[in-house]
Amino acid sequence: MGDPTTPPAPAAATPGELLLRGGGSTRRVRVVSDTVVEIDGRRVAVQVSPAGESEFVVTVGEARHAVHVAVDGERAWAAAAGESFEIEPAGRVPAHAAPVAGPASATSHGPASQTDAAGAGGAAGTRLSAPMPATVTAVLVGPGDEVSAGDPVVRLEAMKMELVVSAPRAGRIAAVHCRHGDLVQPGRPLVALEGPSSREPAP
Amino acid sequence: MGDPTTPPAPAAATPGELLLRGGGSTRRVRVVSDTVVEIDGRRVAVQVSPAGESEFVVTVGEARHAVHVAVDGERAWAAAAGESFEIEPAGRVPAHAAPVAGPASATSHGPASQTDAAGAGGAAGTRLSAPMPATVTAVLVGPGDEVSAGDPVVRLEAMKMELVVSAPRAGRIAAVHCRHGDLVQPGRPLVALEGPSSREPAP
Amino acid sequence: MFQRLLIANRGEIAVRIVRTCETLGIATVAVHSEADRNARHVVEADAAIAIGEAPASRSYLSIDRLIDAARAVGADAVHPGYGFLSENAAFAAACTDAGLTFVGPSAEVIARFGSKIEARRAAREAGVPTVPGVEPADQSPAGIVAAVRRTGVPALLKPSAGGGGKGMRIVREADDDAAVAAEAAAARREAEAAFGDGTLYVERRLERPRHVEVQVAGDGEGRVVHLGERDCSVQRRHQKVVEEAPAPDLTESTRERLTAAAVDLAEAARYDSVGTVEFLVEGAGDDARFYFLELNTRLQVEHPVTELVTGADLVAVQLRIAAGRRDWAPARREPRGHAIECRVCAEDPATDFRPQAGRILACREPAGPGVRVDSGVGPGSEVPVHYDPLLAKLAVWGETRDAARRRALSALRRYVVLGVRTNLSLLQRVLEHPRFARGAVGVGFVDEERAALVASGADESVLAAVAASAARALRQGPHSPPPGAPAVAAGAEVDPWVGLPDWRL
Amino acid sequence: MFQRLLIANRGEIAVRIVRTCETLGIATVAVHSEADRNARHVVEADAAIAIGEAPASRSYLSIDRLIDAARAVGADAVHPGYGFLSENAAFAAACTDAGLTFVGPSAEVIARFGSKIEARRAAREAGVPTVPGVEPADQSPAGIVAAVRRTGVPALLKPSAGGGGKGMRIVREADDDAAVAAEAAAARREAEAAFGDGTLYVERRLERPRHVEVQVAGDGEGRVVHLGERDCSVQRRHQKVVEEAPAPDLTESTRERLTAAAVDLAEAARYDSVGTVEFLVEGAGDDARFYFLELNTRLQVEHPVTELVTGADLVAVQLRIAAGRRDWAPARREPRGHAIECRVCAEDPATDFRPQAGRILACREPAGPGVRVDSGVGPGSEVPVHYDPLLAKLAVWGETRDAARRRALSALRRYVVLGVRTNLSLLQRVLEHPRFARGAVGVGFVDEERAALVASGADESVLAAVAASAARALRQGPHSPPPGAPAVAAGAEVDPWVGLPDWRL
């Protein structure tokens, strides 16, 4: 588990802990009971009343918020005070919720790469996967190619926009998992990168 | 089962038969398959495509309708072409869906009585029940009172409007089930009427 | 301007008042009965306070509880909305006594125009013609019967304290004393239930008049402006159901006489808020006659049509006047284009517009160019049995009356409310009706055309589509799988692209 | 007028065109790709026809398939919307050849203004100033590099065939040939993908200009009117995100010079539809300078703000001109009040506005006074990966700019889209930003203030409320029981009325 961009896995999934992703950051909130939640170690009293379909009115101290919630499997989406959040139980960090890695791209559209440690066995490699549903418009590397950090490896098009998936570090292309024209879904592996890592591999 | 205002019970609930209530009338439609329905003995080809949440686009010959559906237990509500319908399997005629009985009221707000055959045992009586959620503002009869068809028996108030429940036929008040101030729900019995019926009682 | 406004009302008007306060930076506090704990207006306001049990007499009509609530939340002003206590002088006075600004006219003005006798006297003094009528000093059945004889039939029995058509009864036979007394008793009960005052007023009923009203606003210092007129002739149970601005088929000279009469009356009264002068109009052309009906000292349900054609925000105007602001008058008042409002009510036109209660299972409100919906409900809302059945108002704007009419029809056709019966279909029949499409109709229109208006517009293909969809939804249970999920597509059109387009009507 | 209109587009603009057709009595036919089989515009139109696979090149950009579809359904006219083939002269010509009326200018006018060179020439001939720039005859990387050197940096590389900011790239270093060539290659690929034509135009980039455009309409016989201007300076990725009308902080004399220049150009071109003349404005006061940018020969995304202040229905104007009606000109054109539009997009501002795809689980669009939503989605809609991420447009009207701004904020706060990330929060940060609140901002505004605009507005109390609600909803599963159901109330406020009001903040 040596990829520098993968956040450390939580020690153990605490029941009642939720990750709230919104506005570019992810916060961890522990729901202690129906009327208490804990944020950054501070306990906050809440009062939740249902109101309409999938809607709640929540009183938190002096503030009062209308919250809309939609449940999608084990995840939920919610909106309150004009802000939206994706919510999931802590301890479950899917590929597409991990922070985006890699050096800033030189183009105006920023980095598009998405990396995670490859395989359940913890092989000392990095898998670059699709950050969103997209079409592969160019595969710029082949198996065995050496790449430097920042080198473009795959070009994607999504919603008329070009996204460049770049190598997050130097290494060698172990495998290419996509080809020109593929429609790829989020998390779908595009290429596997192996070779020297900038950090010690995990035991 | 001799109440003249109760529609004859269907011989047997035909699977796939639905009652559609809307615009003051109730129609019976048989859903033969996913692509065929039968109205008044005539078969009509339909093509149903889902579109959005609880919404369908249905093609019927040259016409095409967006249909919104909401399911509520064994009943459903649906809207299409600006019209709304309450839908339930045929063979199940709940009290509040039966046609309204009784002579037209002399007041401007029309008849408010709601009758159905009393009890599961088929006693030769008629139960007058609340047509909608309402507050009882006056009970105008007592047990043993003789009433004529059209006589007011209970006065209700709902949404600031006065509703008069009248006797659908002549008879004797067998029992009074409500009192002044009661908040009554639809179908809740108000009074039971017994005595000579204008039709032969059911065997 | 105010810091915190208590909204002493519920439903769509409470939500609508919240909207204006959001743009003015005024915090809002909703009040709610037990039946409205989860209601839309409670969710939309910045804060909410419970004020009592479901019956309005123990919540929305309780002056004491409302004043207590306003004090408890630290409100500096109270907006009464329409209905409930909005035209109750005692409530306005109680607010003032409690140090709260009542957003409406002074208690004196409310009291004067709340009395039909006083209102008619004021109109006559201002030179505005009135309909023959009387509030009998003897309010016994015999007194009402005698008054009907004096006024002549057809006559209207109306709550003296009321407005909005509630509790109104028509008497056509002056000689049937028992029938007149029965109607009077019923009218009195409804008046008491709705306004807490059973006093009746007896008025000569004009035959086939139009209901035209003028929106006025004044600052109590004699400055009065009008914002044009509205036609509200489409009524059921003496209550408006479709309204429009400007009034169709009024000649310019009649419009000028009418608005001038309204301004004269408001000026004479030193009217000090937003209000509406209602008239009945008989005849057409430049010699149309009009009669003062009443001056409603509150926001009107149908105020959005005036807002759509003038651009004024009438709630903002009310708040500015109440706050003593000099800049209260809307910048523009001349109408542009045409607006039509349809009241969407939980009622069943097929059973004489009987109000409906229940839970709204699904609710899709139309939107888009020229379409405004002021709604007090949403998916999952409960419609309680205790209050007015108005759910929402659809108000549309168009460059011409016919453009507005067609736009309203298009919006009504896609307006979905499931779970309670509504008048949505009837509203479409009204707007499609040739008499309405042609122009002005009289107040008897709905009664005269009832059969056509109550009819369903659904043909066999609609029934077939509804049955097929409902069968599928019932089989799937309360919640459909996502569209496009493979299981659902079975039997539906899944033709791949095969060169020639797949033509779906 | 037309009998049946094929709408050669998708999303909110296809729905919006349906709305106008409903008021004009024109039957509409939607087209759809495989990805859009259940899309909103397919549901809203009177009929729908499949035209191909998900990639736009094989459906919405396929002239042959669209013409085949129009013939198959018996359409007599085709509306192209914006984007896709709306500014493609070959499509307009193909419609005409097939006997269909193309709702837009003639192919000749489209071709002339579709060429940046021709458009600039036309502007110069009409006496309208232009920004220095060139379409290099040599379109090779070397040719583009040379053109950048000639024009000077900063320079913009733009698709000659395009519009709407798609495929635009900034070059700041004229000396880094490789970097310029790389940008040119990327711009060319995007241009080809979006417009089917990779030709690039190189233009000098003005520093901190405002984007102001004038809405014009003409009948091809030399009669041209303008409907005022719009300010569209709030842009991200060179695409507009917030627009308003009128443009703030323009002096009356600058506004007159600007609109006169637009009318001059359209008159000289014998312009024959609705169109928009875009300018960059530098400086303030009466001596502000403006430069012609382009003439968009189609309906603009942001046309609703013009509709809100003038009352005109621009789609109706397009249809009337296309149908050869003499009465095409809107009755009123002078602006009243102020309008602001916010584009609601499926994109993630936190990751450089990356477009998002997925299923919309819940969707609540705001409504009420002064609020208009033009939407292409609803609950359950799929947002495909293949097309523009615009979901809907919120357009609000207010008596003043600040009233409109506050109303837009209030509407955005209650706008709920769950299931895909959107820019709703960013739009609120834009409208709240002191620079935007003060008045006109330049086109660099979003980039300059990005950190503040991308920040979440959620404090700890919002996080706590969201976590508590989500926990409850996750426990209950995908569908909550009805509100007020006894099981739900456990732990929530259930205080009975006990004399003193139950104060809930």
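The chains carry the letters A, B, C and D, assigned in the order they are written, with residues numbered from 1 in each.
The definition used in the following text is that a residue touches a chain if its C-beta (ideal position, glycine included) is under 8 Å from a C-beta of that chain, and two chains touch if they have at least 3 such contacts.
Computed from a predicted structure; not experimentally measured.
Here B-D and A-D were compared by C-beta pairs in contact; the pair with more is A-D.
Note on chain placement: the centre of subunit A and the centre of subunit C lie 51 Å apart, centres being C-alpha means. Subunit A and subunit D have centres, each the mean of its CA atoms, that are 30 Å apart.
Inter-chain centre distance (subunit C to subunit D, centres taken as mean C-alpha positions): 37 Å. Within subunit C, residues 37-38, 44, 47-48, 364, 378, 380, 414, 478-479, 483-484, 504-505 each touch two or more of the remaining chains. Taken residue by residue, subunit B touches two or more other chains at 49-55, 64, 66, whereas all remaining positions touch fewer. Applying the touch criterion to all chain pairs gives A-C, A-D, B-C, B-D, C-D. If you check the complex, the residues on subunit C that touch subunit D are 15-16, 19-20, 22-25, 34, 37-38, 44, 47-53, 65, 68-69, 72-73, 304, 307, 311-313, 330-332, 336-337, 359, 364-365, 367-375, 378, 380, 382, 397-399, 403, 406-407, 409-410, 414, 478-479, 482-484, 495-497, 500-505.
Listed in rising order, the residues of subunit A touching subunit C in the complex are 49-55, 57, 64, 66. Touching subunit B in their complex are the following residues of subunit D: 37-40, 42-44, 46-48, 378-381.
Residues 55, 166, 169-170, 179, 186, 189-190, 193-194, 237, 349-352, 354-357, 361-362, 364, 385-389, 412-419, 421-422, 424-425, 428, 454-474, 476-481, 483-485, 488-493, 504-505 of subunit C are the ones touching subunit B in the complex. Subunit B makes touch with subunit C in their complex at residues 16, 18, 20, 22-25, 27, 29, 31, 34-35, 37, 39, 42, 44, 46-56, 58-72, 74, 76-87, 89, 100, 106-112, 131-135, 137, 157-163, 183.
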